[in-house]
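Labels run A, B and C following the written order; every chain starts at residue 1.
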Amino acid sequence: MSTQELVYFIDLGGTLVFAISGWLAASKKQMDPFGASVIAFITAVGGGTLRDLLIGSQPVGWMVDQNYLLMIAGGIGLGFLFKRYLEKLRKTMFLFDSIGIGLFTILGIEKTLSFGLTPVIAVMMGTVSAVFGGVLRDTLANEVPLIFRQEIYATACLTGGILFLVLGQFNVNVDVRIILTVIYIIALRIVSVKYKWSFPTIK
Amino acid sequence: MSTQELVYFIDLGGTLVFAISGWLAASKKQMDPFGASVIAFITAVGGGTLRDLLIGSQPVGWMVDQNYLLMIAGGIGLGFLFKRYLEKLRKTMFLFDSIGIGLFTILGIEKTLSFGLTPVIAVMMGTVSAVFGGVLRDTLANEVPLIFRQEIYATACLTGGILFLVLGQFNVNVDVRIILTVIYIIALRIVSVKYKWSFPTIK
Amino acid sequence: MSTQELVYFIDLGGTLVFAISGWLAASKKQMDPFGASVIAFITAVGGGTLRDLLIGSQPVGWMVDQNYLLMIAGGIGLGFLFKRYLEKLRKTMFLFDSIGIGLFTILGIEKTLSFGLTPVIAVMMGTVSAVFGGVLRDTLANEVPLIFRQEIYATACLTGGILFLVLGQFNVNVDVRIILTVIYIIALRIVSVKYKWSFPTIK
C-alpha cells in the first residue's frame, strides 16, 4: 500500500470517528435521529469544508468522493447501534479522535500547499480542518466549544503541523513524518489532560 | 409560459415568502427595522447561498439577478405594512412556506445536478437550499431552529427531493413532477402537524 | 504615495485596529491567549472573508498577502502588552474603529465592482466587509452583536457607501471621495452616540 493510499484510508477512518463523536454528542442532548445525523455529518465534514471554501477548492471534498458519505453513514449506524458501548470506550475514542485530528491536520496542510499557498497559511488551514468540525458540533449541541475551554486541543494541531513541515525540511520520509506528527499530537494531548495543562486566562 | 419561466416565477415567490417570514420572526423579538431587514434578507437567501458556496457557483445567485433583491424588498415592505394581518394568516403562510420549501428543494437539486454532482448530493443540496435560511432565521432570532425541534420539516424536503428524482427516472413530465413533489411536501407537513408526528428522541 | 498605496496602508491599519478590538473583547471574557488570538483574527478578517466567498475571490484575501497576518499578530501583541492602556483610550479606539469601517466599506465596494457586480450589491458587500468581523467577535464573545443593538453602525456603512458611489458619479477625485466618506461615517457615529439616535423597535 502506498503512502497516498494509507493517508486516504486513514482520512476515511478520521471521518468515521468524527461522525461517531458528533452522533454521541447529539444523543446526549436528546435530539431526534435526524438532528443527530445532521450534527454527525457536520462534525465529520465541517473542518474540511471550511478549508475548501477558503482556499477555493469547490465543489468541496465530500461532494466529489462518495466514500466520505459512506463513512458518515457508517459512523451514524455504529453510533445508533452501539451507543452505550461506545460511550464506555472513552480512552479508545480519545485515541481515535487524536489520530483523526492529526491526520486531518496533515491532509489540510498538504491540500493547502498544493494550491500554492504559504506554509504559514497551510498550518492554519490544517488546524482549521482538524478542529472546526468539533467547534460546530459543540456549538450546535449548545456547549462552549472545546477549543475555547481549557484543553490544549488546537495548539496540538498547530504545533504538530509545524513539526510536520519542519521534518520535511530535513528530508524525512513522508511516512515517518506522518507517524511522528500523529504520535506527537497524541502524546501532547495525553500529557496535557493528565497534568491538566492549560493556558492561564488573560488578566 | 414555459416550465423554466414558471419555476423562475415561483422561485421569486418563495423568496418573497421567506423574506416575510424572516421579518415576522424578527419583529416578534422587538428588533429595529434595520436588524429585521437583515434577518428577512438572510432567511430568503441563506439556503441558496450556502448551496452555491458548496458547489462553487459564485458570485452567488442573488448577486447576479436583481429580481431577488426586489422580492426581498417587497417582502420587507409587506411585512412592515401588513404585519398584524399577515400574522393572522397562519394557514396561508404555512401553505406558501410549504410551496416555497418544495420549490427551493427542486431548484437546488436541478442546480446541483447541472454542476455534474451525484443525485445523492443533489438531494442534500436541495434540502440545504430549502431549510438553511430558516435555520439562520431561528438562530438569529434566538430560537432553537425548527429543524432541530419536533416537526418533520427537513425530512419532507429530503423525501420530496427523492420523489422528484425517482419520478424523473420514469420519464414523468417535469411540470407534473414539480406539482407532485410540492403536493407531497405540503401533504406530509399538514399530516405531520395534525397528527403531531415526530421522531422519538434517542435513548 | 499613490491613492492605491494609501488605501492599502490604511486597510492594513484597519486590520490592526480590528485585531486589537477582538483581543480586548475576548480578554474581558477571561479567555486564554489562544482563544483570544482566534477571536482577534476572526474579527480582523471575518468581513473580508465573507465578501470574498460570496463574490468568488479565492483563495481569500488574507491568504495571499502576508502583511495582513503580520498586522493581526501586531494587534494581538499590542493588545497583550498594552491592554490596560488601550482600554482607557476609548475615544481613540472609537475613532480608529470608525476609520476602519469606513475604509473597509470603500475597499469592499471597489473589489465587488471589479468583479462586474452592480453598485447595489457593491454597497451591500462593502457593509458586510466592514461589519461582519464585529458581528462574529460579539457572537463568539457571547454578546448580542452591536449591529442588532441600538447604535447606528451598519447604517453608517450603507449610507457612507452610497455617498462614495454618488460622489463618483459627479467625477469627484477618489482621494477626496475616500476622505469625505470616512468623515461622514465618523460624524454620523459621533452624532448618533451623542444624541442616542436609534431606530424605534417594530410594534
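The rule is simple: a contact is a pair of C-beta atoms (placed from the backbone, for glycine too) under 8 Å apart; a residue touches a chain by one contact, two chains touch by 3 or more.
Just so you know, these numbers come straight off a predicted model, no measurement behind them.
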How are the chains arranged in terms of who touches whom: line, ring, star, complete or other? complete
Cα superposition angle of chain A on its copy chain C, in degrees to the nearest 5: 120
Using mean CA coordinates as chain centres, what's the chain B-chain C distance in Å? 32
Two or more other chains in contact with one residue: find those residues in chain B. 53
Please give the residue numbers of chain C that touch chain A in the complex, ascending. 26-27, 30-36, 38, 49, 53, 58-60, 63-64, 66, 69, 80, 83, 140
Residue ranges of chain C touching chain B (in the complex, touch as defined): 53-56, 115, 117-118, 120-121, 147-148, 150, 154-155, 198-202
